[in-house]
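Here is the structure we will look at.
In this document, chain identifiers A, B, C and D correspond to the written order of the chains, with residue numbering beginning at 1 in each.
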Amino acid sequence: MDGSRTTGSPYAPHTDTETAAMLDAVGVDSEEALFDIPEPVQFDGDFGIDARSEREARQLVESILERNDDLVELLGRGHYGYYIPSLVDHLSDRSEFLTSYTQYQPEVSQGFLQALFEYQSMLVELTGLEVANCSMYDAATALGEAATLADRVRGVSGSVVLVPEILDENKRSTLGNYVAGTDLVVETYAMDDGAADVDSIADRLDEDVVMLYAENPTVRGTIEPGLSALGDLATESDTLFVLGSDPVALSLLERPADVGADVVIGDASVLGLPTAYGMGLGLFATREDYLRQVPGRLVGASEDGDDRRAYTLTLQTREQHIRRERATSNICTNQAWVALRTAIHAATLGPDGLVDLATRDVTRARELADRVDALPGVTAPVHDRHHVREFVASVDGSASGIATDLEDHGYAVHALGADELQICVAGATDDELDGFVDALSEVIR
Amino acid sequence: MDGSRTTGSPYAPHTDTETAAMLDAVGVDSEEALFDIPEPVQFDGDFGIDARSEREARQLVESILERNDDLVELLGRGHYGYYIPSLVDHLSDRSEFLTSYTQYQPEVSQGFLQALFEYQSMLVELTGLEVANCSMYDAATALGEAATLADRVRGVSGSVVLVPEILDENKRSTLGNYVAGTDLVVETYAMDDGAADVDSIADRLDEDVVMLYAENPTVRGTIEPGLSALGDLATESDTLFVLGSDPVALSLLERPADVGADVVIGDASVLGLPTAYGMGLGLFATREDYLRQVPGRLVGASEDGDDRRAYTLTLQTREQHIRRERATSNICTNQAWVALRTAIHAATLGPDGLVDLATRDVTRARELADRVDALPGVTAPVHDRHHVREFVASVDGSASGIATDLEDHGYAVHALGADELQICVAGATDDELDGFVDALSEVIR
Amino acid sequence: TYEPLLSEKDSTKVTVDADAAGLPDDLTRDSLELPGLSESELSRHYTRLSQQTYGITSGPYPLGSCTMKYNPPFTEDVAALPGAAVHPDRSEASIQGTLELLFRLQGYLARIGGMDAVTLQPPAGAAGEFVGIRVAAAYHEHNGEGHRDEVIVPESAHGTNFATAALGGYDVVSLPSDEHGRVDLDALEAALSESTAALMLTNPNTLGLFERDIEEIAAMVHDVGGLLYYDGANLNALLGRARPGDMGFDVMHYNVHKTFATPHGGGGPGAGPVGVVSELAPFLPAPRVRDADEPTDAGVETTEADAPDPTADSTGAAYELFDPEHTIGHVHGFQGNWLVLVKTFAYIARLGDEGLADASAKAVLNANYLGSQIDYEIPYEPFHHEFVASAGEQDAADVAKRMLDYGVHPPTTKWPEIVSQALMTEPTEVESKSTLDQLAAAFDAVAEEDDATIEAAPSRTTAKRIDQTSAARTPRLSWQALDDE
Amino acid sequence: TYEPLLSEKDSTKVTVDADAAGLPDDLTRDSLELPGLSESELSRHYTRLSQQTYGITSGPYPLGSCTMKYNPPFTEDVAALPGAAVHPDRSEASIQGTLELLFRLQGYLARIGGMDAVTLQPPAGAAGEFVGIRVAAAYHEHNGEGHRDEVIVPESAHGTNFATAALGGYDVVSLPSDEHGRVDLDALEAALSESTAALMLTNPNTLGLFERDIEEIAAMVHDVGGLLYYDGANLNALLGRARPGDMGFDVMHYNVHKTFATPHGGGGPGAGPVGVVSELAPFLPAPRVRDADEPTDAGVETTEADAPDPTADSTGAAYELFDPEHTIGHVHGFQGNWLVLVKTFAYIARLGDEGLADASAKAVLNANYLGSQIDYEIPYEPFHHEFVASAGEQDAADVAKRMLDYGVHPPTTKWPEIVSQALMTEPTEVESKSTLDQLAAAFDAVAEEDDATIEAAPSRTTAKRIDQTSAARTPRLSWQALDDE
């Protein structure tokens, strides 16, 4: 078997003959001779990891993931299991997209650059802001980046970042790490029946506050009625107004630019990704004023040598590989491929589909709240607000006990505190919601 | 919603505005006005088929296919569940391949033509014959086409097609339909302990026999020891010698050209397709002498206007779209995409992998036969022959009863007649074979 | 850019070791020589080859009679479900899902075609034709009319019609068109006789014209004891507006690729299910699928045409295979191209009545709109889903090659011969107005060009014009043949 | 050929109907204007865009420090398994599969890096660096050494090292190389002080050279109370031959894309797991995963590094999330890029010890072979998995553009600056000798060309040389911006 491949990496193509020829060309006797590692730090143990055939490796992962229970997830709070059209998978899985690198050679990367340019453009339309980057990691890290942006561009001299008291704990914690190297401190503002308490915020806003953060919808599914008021307050106090949202909500709810938002962050992978254990796509859009302080990558239009339109990464002098410790962020690898998926998903829906989806998220949440409210021992929604996708219900008895019992019936919901459940309709079929109401009525009986 | 799409086909892109503009350009008021159907044959009923979202249609198929039991298939007899490397799916699913038409415009079809040319070349190497077409439907129809080829090129004036008495019933039936429009009749020859009875064939071969068909391996998994003898006999009697096989068996067993085969048929999708309820890929190779009598499509090398190598469908004057009722076959659409998959699968294995696979099919079948032979009440293999992939075992008690009991244990095997099981190792993991032996020993207890 | 053959990238010769398999030397080959390349190298090879292939995802593909429409990728996903991978010899009890899908698809197709019973076994349209011809033969034979030895085929029919009739052992009687491009009734009258086994017809015909006299044609054929065969190639024009069964056809095949958007795969796999009226059902290939609780003697499942269509779930009924009473037997090793049938089912379930009817409406609208926008003459009207324009003084094949330079796929050319220098054009329902405008612009640009320009085309494609003559004169059909030169 | 923007194909403006949602007008936007295209049109759009994108399946991609290797597609399949789609807020009991995979991956990585505990949360390499810096800060703070405010970074380091240290609030102290291209020990001595929080290092360094004095460097850093951080960018050179933990590193990140072949996706998603020695484990981000039956106080799972590796099946053990005792909290909304971690696990499970060691061997062999075949000078040796050649009198960026014309992707250029006109080249283990020969031919062809030729390049690409300056001077970052012009 003259041309046999050596054992070892299944993805290294070398035959024995080729390896020998290459070693000969280099002028050494063995691969070992190419390693210049002092003896004391050489590793001669093993990792204890078995090699497997492709089939065996696949079976191993299958056998592990089969341990995950097959539940209908009525979970929300930032991650949603919308149905993803097959086309999104088939197009984004094309190997040229999937296996390409960051577009540092734009002449051979026009396709991906254009897709990212289109992604940016969709977010510009959704937010009404002039600039969107082509991704951060997720909503939490985008919030952190917004805070460091506020720190850089502060119009006031203060140090406070003001966030809702109901802010998701993980987001709050991530923000804490992002501001740990700055002088910023994170403080919270009160909520009034599930919405920002505008009066108390008005009292709090002064020159010490560099950034005000609000979410629409909030983490409890309520639609914020007071965004314009917050925007006005922020303008008056020269505070950066940062709004958290996502592409589905933005298709229906107030346009951030219209309420005075300076930055919009959020998780754009509500379109494009299934629930993926928290994997996300950080949305980051801002006003043109802050263009040169934006973190992350930007794709711009330019011309090529034939004066035809062409796309390229631009304003790279903001970035770490050029500006090093004076960069606007340390981000390098981001979530480009997820952005591609999100753009394709949004495009398959089109504007009609997006508005329909968000509209259904409002009406179906309302209908489900009414149905569970009709059950004895359940009150929903807890907040006298409009909701999108999800709402909080209060229950007689232990919320966590009910949630566990619901799992046994095949449904996953959030238990909040002692006596609240949060329930989400996004991505669920009508049959699944019917089944859930039945299961809940049985569990609380 | 100015640009809304009309309801109807989700794949027709027309907005209301566009439809109106197009009707206007044509000069009619409605789509209905474009149909020139006499009133008596108009259909104004409905099919009673519900429209569904993509998600619902997918769920429907899922809910139906979930009814198929998840069994370990130790079934063979022409269809095998070899593991298919992921790369085969990912490459063959590329939409340019999947959604293209027959290559009647070769200038924009070079890629697929080259892949088919390479497929043909692989079969030329495997069979040793000079010509392979780029597919028939499956082994049974390829056998039928071989008979009509024999009819056309007959060197003798007879009418008999001679096939093994153990020929698969469906193949035999399909052959019957293919020769129904000719003067040919199908007769069988006897087997001797699972192999062709060369002596009785020698007695039978005369000027009346236009075609002699043998399989290697046979449908019972035995390797034919007498192929050269059959080839010699066929040559002497000027009979077309047609051999049935497949790419895995051909990688190890005697090369058809070396035993005097005039035609090789078989199912090439043993590589490239999973068990797919009998879906196949008809292999058809023959000697150059019969080139202009070959059924089906052929890809040839040529040159383009720049004198560079290019590929094109060739010798199309054999085919139905040119020669109509004098064509070599009525085949039009064939199994091109399956041939692509088979070529990719064969290429991922390479010659080492192919020989290894076939070698393992011999050794593992032998080992499994030994293991089940050791069980009380089981004798295996029934035939004192060499086997590849599969073998027949005789059992005390009802074969069909045992097969049913094995299904309850999660294993599918063939029951043949009253007291024989046919068992196949191809594609099964070692764990699965261990489990099967355990299950069998339990079932026969 | 040129992609080398696999064999030009590597050629590895492996000596076969009979001992390793425990076989005697004389049962094995000596060696095997094939390319031995890594996954990465193969990945690049086939990725490049794909990029040199024009598919429906590359642009419009208006091949008349070929019906190239968008293939929804979700149908690939469902065909790839683990539950779809079953061996053909599995017990019926263990593959109730497969049998349910086939049974329901039989019903879908019966209803769509106005037929009583359907076989899903034929693996392609031509194989479906062959089943139709074999069923007709068996029917006549059963009725003591085995002497019928002629099949009538219109001159403009698809080549497979002729070849299929011949393969079935019939003499082919060719039928000319009348001046309007339809069946010439006088010629038909002359062709019909007690030797007539069947007339094979498409409707709309190859010119896109509806055979207005179809009722009379059916009566004439039936009067002499013949059967009327419907070639389903053009069914995409009629969905929900007319059904072959209602027109008097006795047998028909469906091209699932043309009508139900299964991908063509560069030449297949397809599927060519065949529907028949109840009299012919006993002759259909074996096996078919039926509801185990409602079997019928002749194998005519009126139930399958009338069955409800549960939206979200399996029916849960029990299904079984059965052999029709006078079956012609098998025409394929098992049940045809199963994975293609799964895609067919998924597509029909997606569109439903409304979507299917709209597909035909938009297919006809698109053809008529495109026809209204091009400068080439279209001699025969009113056409439906396709039209046949004439390239006039130009050579239609050259026109097609030149259209490639405009980035679109050309129409089918030089067929049917009833139109001189035919450009047979079928845009299908999936093209947008703007794409049709782009196509029309390509037609019209070429219409203005001189012969020298179009004879030199194409120049912007992967390969320039390919020499077909030398390819046929000196066939080189493998890399071995190239090496031998 | 030019592919129009989606917005140039269609622009549909939808008026938002607040009533339909039952919302007051002032809670909704007025309208939404985006392209409204059919599946077929989108399919063509993105298919064409993909064809205008160079991926690892297009050809060699020898970007130094970026480590572009073949991405086995089976890892995509397992990441697409239905069981992988779980919501981050699911109960631990209901996602034992996810937790098992993460736990076992923590163990794999700990063993490969010689570390005691691993967090999988950082969603990219730079995020991993940030975790390392934050963990170091928390550790020093915990020990009453919060005054340490300097991080030392070699001049030739990746830009993220500098930016990360700055984001963490540290002053960056830049460290020059010695004449051999390695850490200058005298300069290090001068840089180290009681203000030193950490030294960030890659090994092999950016020139591909192993830092031979690594033991002494570690001792020096530890002597002043600093921590030693390992940037995993170059780990693909050392698998199975040396481990950062054994060299004295206290913290490290792994670039799963570079070392474990997860696809780069045109810029992400990646994952940047971080491994630490046991002293630092209590400070790792929350949550991590542990065996519920063997929890440890500090969260150091010696069990995860020692656990057996069952070949075919799940372990069946029970797993749980926990917060390390002095955790820095979250650095991501949940657990990072889960689907990427699934692919990482699958790749490591495929290769095993033998495959991983061979990957490094072949990566080093390939770099050395390619280096031996090109005409450009390589000033620093002996290099491992990558080398930095000098374009000499040529402009390295122009050399790169010209290489595109030869159908290959060029190396990383103009970095590290220690080599003038740097061509930083890393072929990885997946390239064959023939591909390396093709690459060498491209290098050598360009080396012979004059400045005018290379300055005019590329000419054979989708776009010709793109004007970066005007793109930055007049930013047009959306189709809206183009429309406004």
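Quick note on the criterion: contacts are C-beta pairs under 8 Å (C-beta built on N, C-alpha and C of every residue); 3 or more make two chains touch, one makes a residue touch a chain.
All of these numbers come straight from a predicted model, not from anything done at the bench.
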Specify the chain most distant from chain C by Cα centroid. D
Chain pair with the higher count of C-beta pairs in contact (B-C, A-C): B-C
Would you mind pulling out the distance in Å between where the CA atoms of chain A average out and where those of chain B do? 47
Just the number, please: Cα centre separation of chain A and chain C in whole Å. 46
Distance between chain B and chain C based on Cα centroids, please, to the nearest Å. 19
Residues within chain A bordering two or more other chains: 1, 5, 10-13, 53-54, 58, 85-87, 89-90, 93-96, 352
The positions of chain C in contact with two or more other chains are 12-14, 36-41, 43, 47-48, 51, 56-58, 70, 72-74, 76-77, 312, 430-432
With chains as vertices and touches as edges, which is it: line, ring, star, complete or other? complete
Chain D residues touching chain C in their complex are 1, 9, 38-41, 43-44, 47-48, 51, 56-59, 70, 72-73, 407, 430-432, 434-435
Hey, which residues of chain B end up touching chain D in the complex? 1-3, 5, 10-13, 15, 85-87, 89-90, 95-96, 431
Parts of chain C lying in touch with chain A, wherever the complex brings them together: 10, 12-15, 36-41, 43, 47, 72-74, 76-77, 312
Can you name the residues of chain A that touch chain B in the complex? 1, 4-5, 53-55, 58, 83, 85-86, 90, 93-95, 352, 429
